[in-house]
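Here it is, the structure in full.
Think of it as A, B and C in the order they're written, each chain with its own count starting at 1.
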Amino acid sequence: MIEVRVTKGFPAFAIDVDVGLDEDEAGIVALFGRSGCGKTSIINMIAGLLRPDTGKVVIDGRVLFDSDAGIDIPPHKRNIGYVFQDARLFPHMTVKSNLLYGAGRPSGARFALEQITELLDIGHLLNRRPKDLSGGEKQRVSIGRTILSNPQILLMDEPLASLDGARKAEILPFIQRLRDELNLPIIYVSHSLEEVVRLADVMVLVDGGRVAASGDVGEITSRLDLYPLTGRYEAGSVLAATVKDRDDTYGLTILDTPGGDIRVPQLSLPTGKSLRLRIRARDVALAIQKPVGTSFQNILSGTVREIGERIPTRGDAAADAMVEISVDIGAPLRVRITRKSLDELGLQVGSPVFALIKAVAIDKHTLGRGAGSEHAARYS
Amino acid sequence: MACRFAGTLAAAFLAIASFAYPQARAEDLHVMAAASLQPVLTAFLEAHGGEIDGDRLVPVFASSGTLARQISQGAPADLFLSANPHWADWLVEDLGLSPDRTADLLENRLVLVVPTADSSPRTLLDFAGAGRLMLGDPAHVPAGQYAKQALTALKLWDGLTPRLVFGSNVRTAVAFVERGEVDGAIVYRSDAVGSDRLRIAEEIDPGLHDPVVYRAVLLSDRARGLLAALQSADAAAMFRRYGFEPLPHGQ
Amino acid sequence: MTDLLSPAEWEALALSLRVAFVSMLGCLPVALMFAFLLARYRFPGKALLDGFIHLPLVVPPVVIGYLLLVLLGRKGVLGAWLYDTFGVSIAFTWKGAAVAAAVMALPLAVRAMRLAIESVDRGLEDAAKTLGARPMKVFATVTLPLISPGILVGALLAFARALGEFGATITFVSNIPGETQTIPLALYAQIQTPGGEAAAARLAGISIAVALVAMIASEVMARRIRRSIGEAE
């Protein structure tokens, strides 16, 4: 149970958040928002590196900060692990010394050095100095060091931000392994929706120092009203799915989703494996009648739930040609069509529609893992 | 890595060695003597093997005024040999000693010296017009005080002032003349006797200044033996050789 | 080998080294404390403190010697009390020479250390805190190693400055052979002594040689340390 209720004034804006999260299962909570919206300051306040003006921070029943009661536990006693954006390895120590720096914490060693070096594949780096490591290696060592200090909870501040695409791809799987194998609650700060979708189950959307929304990742990313904050480019929906069957004749995998069956090119995953799908809004077409004789393999029926504002095309004078619609197919599905089509089809809230998803539009690279929305969230 | 270790080792060795070098010991006898006594006292010490009655002799030479102030400030001293009675009496009064702890030891004379290389006849009057003349600083050097008295009596002081060089003790003046850095200096006859790089150009009339009397102050009883040795016949002979006039015991 | 220098010159060298070492050791902790204070804290009167610390750099050394005399001389404000209470007086002793040298070297050491402290990445200290390190541990395991080149430079600057100290020394503890006559003072005396030219030249040579060795050693060691803490050279 994480309760963060803090305020802090800065020259540019003020932070005023009130979030409570149940961490019954270890998982990743993402703190998402644009650069400069206050995400890093918030976790700095959780870690004790920044003093809030007023408020309360409670983790698992331990009060770390309470301005009314005059409690402010110093960072070294908070038992919180923090992976920084810039790794911050101690340059005058070897990798091994870095890793073991916090290992003497009184709370007892929960993880062994070998276990973590194996998990993060850094065993061969133990005797090197930080200056001889690549960016990706530094970040993995930093993660290892933080875990070995046996924290109650892990904070990660945009750990992939200073890495290039290849390094990011290299480390993402490690973070996923952390989530899966270590049973450690993680708060993950990022301004990249792609990372959030891939790693987190719950997200807290931060805007201008305030919490705009919090809840299941899938739900938040598909909400139209949050669209300006979740970003235009990545507009789409997240769908939870389970592997149902294989079609060996045509090399397809059949996935079971809340909206029905979806076929994708063959994935080498066993039956029953749960995963996440991203469906970009632009890759979905709508029909008011179930079409025949098309190449669309994935046709799901649903109802129009929301019709969004007109979306101005960036910098284009022939603007607001497009409009976004949220369709309920058993789960929210974001669709983008032309305004002309909207009028021609006569779509309104409640209209029954068919969503046509191009099979090949389901992008394997954004296939994320996740168990689904078992995380309750409170929003205020 | 080995280099760093070696460096630290060397530093440690130097530090320890610097302490191992013989330091001052409590049984040392400190003799604070006027600078003009340096040559003769150094010879005296050598003749006695650097010891008197088993105590090691540690001499410190400077101008009498400087020494008197230092002793007043607490500098360790067992015997003070001043080149004039003035500073000796000043110290006696400052420390509240009884006057019977003083003894007049020697007399000396003032001379004008010039570098040996300068062979032309020179007098004080010559310097009235040109040339750099060096004295001990009249503020604290007895030789300078005597010289100022003489120059003032000769009515030469005011005219000379811009071209006078003051040294911190009389031996400095000797050194500068020897090196030719000044054209002449007023020093003691004892200074001229000991050097072949300068020559006496003129003997200064003793009537123009106070008598040059070296007065000793006994600051600790441990120096009684030393004082007696300085007043012995052997010592008197040595003093004469170096250009001083020993005074009869008891004056 | 021992004929290279006269006994008096060996004495001056040994005394110089002793005074320089002791003054450096005494100066270091004080300088470190001031450097931290000035680098990390804000408080009323900070500029004044900074000014006082730098006084020996800009004021004539003789003035500092005079102030030391007034303060710590046998009849000085503090010195008289020390003598009456403990029977201790540092005037006219090598300890006094060490104090004079330490005072003169202090601003140099403070400047070098302050620079090093200010360039420490506070983010590393934050990281250490989040890893459970108490403030003392952070200082000992992170801050101190990272500022060690600065400390070394400060120490060697102090040492070299102490070796060359003259004005404050001769004013405070005078020129007493074997006790306070360090190399610069011995050189000064030799210049004023008839026939002392050769000795003066030898002493000057020693002075330059020792100072050069100290400076080169400091640079070499600082470079090594910087390398070992992972900085660019």
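One rule holds for everything that comes next: contacts are C-beta pairs under 8 Å (C-beta built on N, C-alpha and C of every residue); 3 or more make two chains touch, one makes a residue touch a chain.
Just so we're clear, the structure is a prediction, and the values are computed from it rather than from any experiment.
Averaging C-alpha coordinates per chain and comparing to chain B, the farthest chain turns out to be A. With centres taken as mean C-alpha coordinates, the chain found closest to the middle of all protein C-alpha atoms is C. One inter-chain figure worth recording: chain A and chain B are separated by 91 Å, centre to centre, where each centre is the mean of the chain's CA atoms. One finds 34 Å separating the Cα centroids of chain B and chain C. As a whole-number value, the distance joining the C-alpha centres of chain A and chain C reads 57 Å. For chain C in complex with chain B, the touching residues are 10-11, 14-18, 21, 69, 73-75, 83, 89, 91-92, 94, 174-179, 191-197, 217, 220-221, 224.
Taken together, the chain A residues at the contact with chain C in this complex read 47-49, 74-82, 84, 86, 88, 90-92, 101-102, 104-105, 129-131, 145-146, 149. Every residue of chain C that touches chain A in the complex is listed here, in rising order: 121, 123-124, 126-135, 138, 141-142, 145-146, 228-231. For chain B in complex with chain C, the residues that touch the partner chain are 3-4, 7, 14-15, 17-19, 21-24, 38, 58, 60, 62, 66, 70, 73-76, 167-169, 171-172, 174-175, 178-179, 195, 197.
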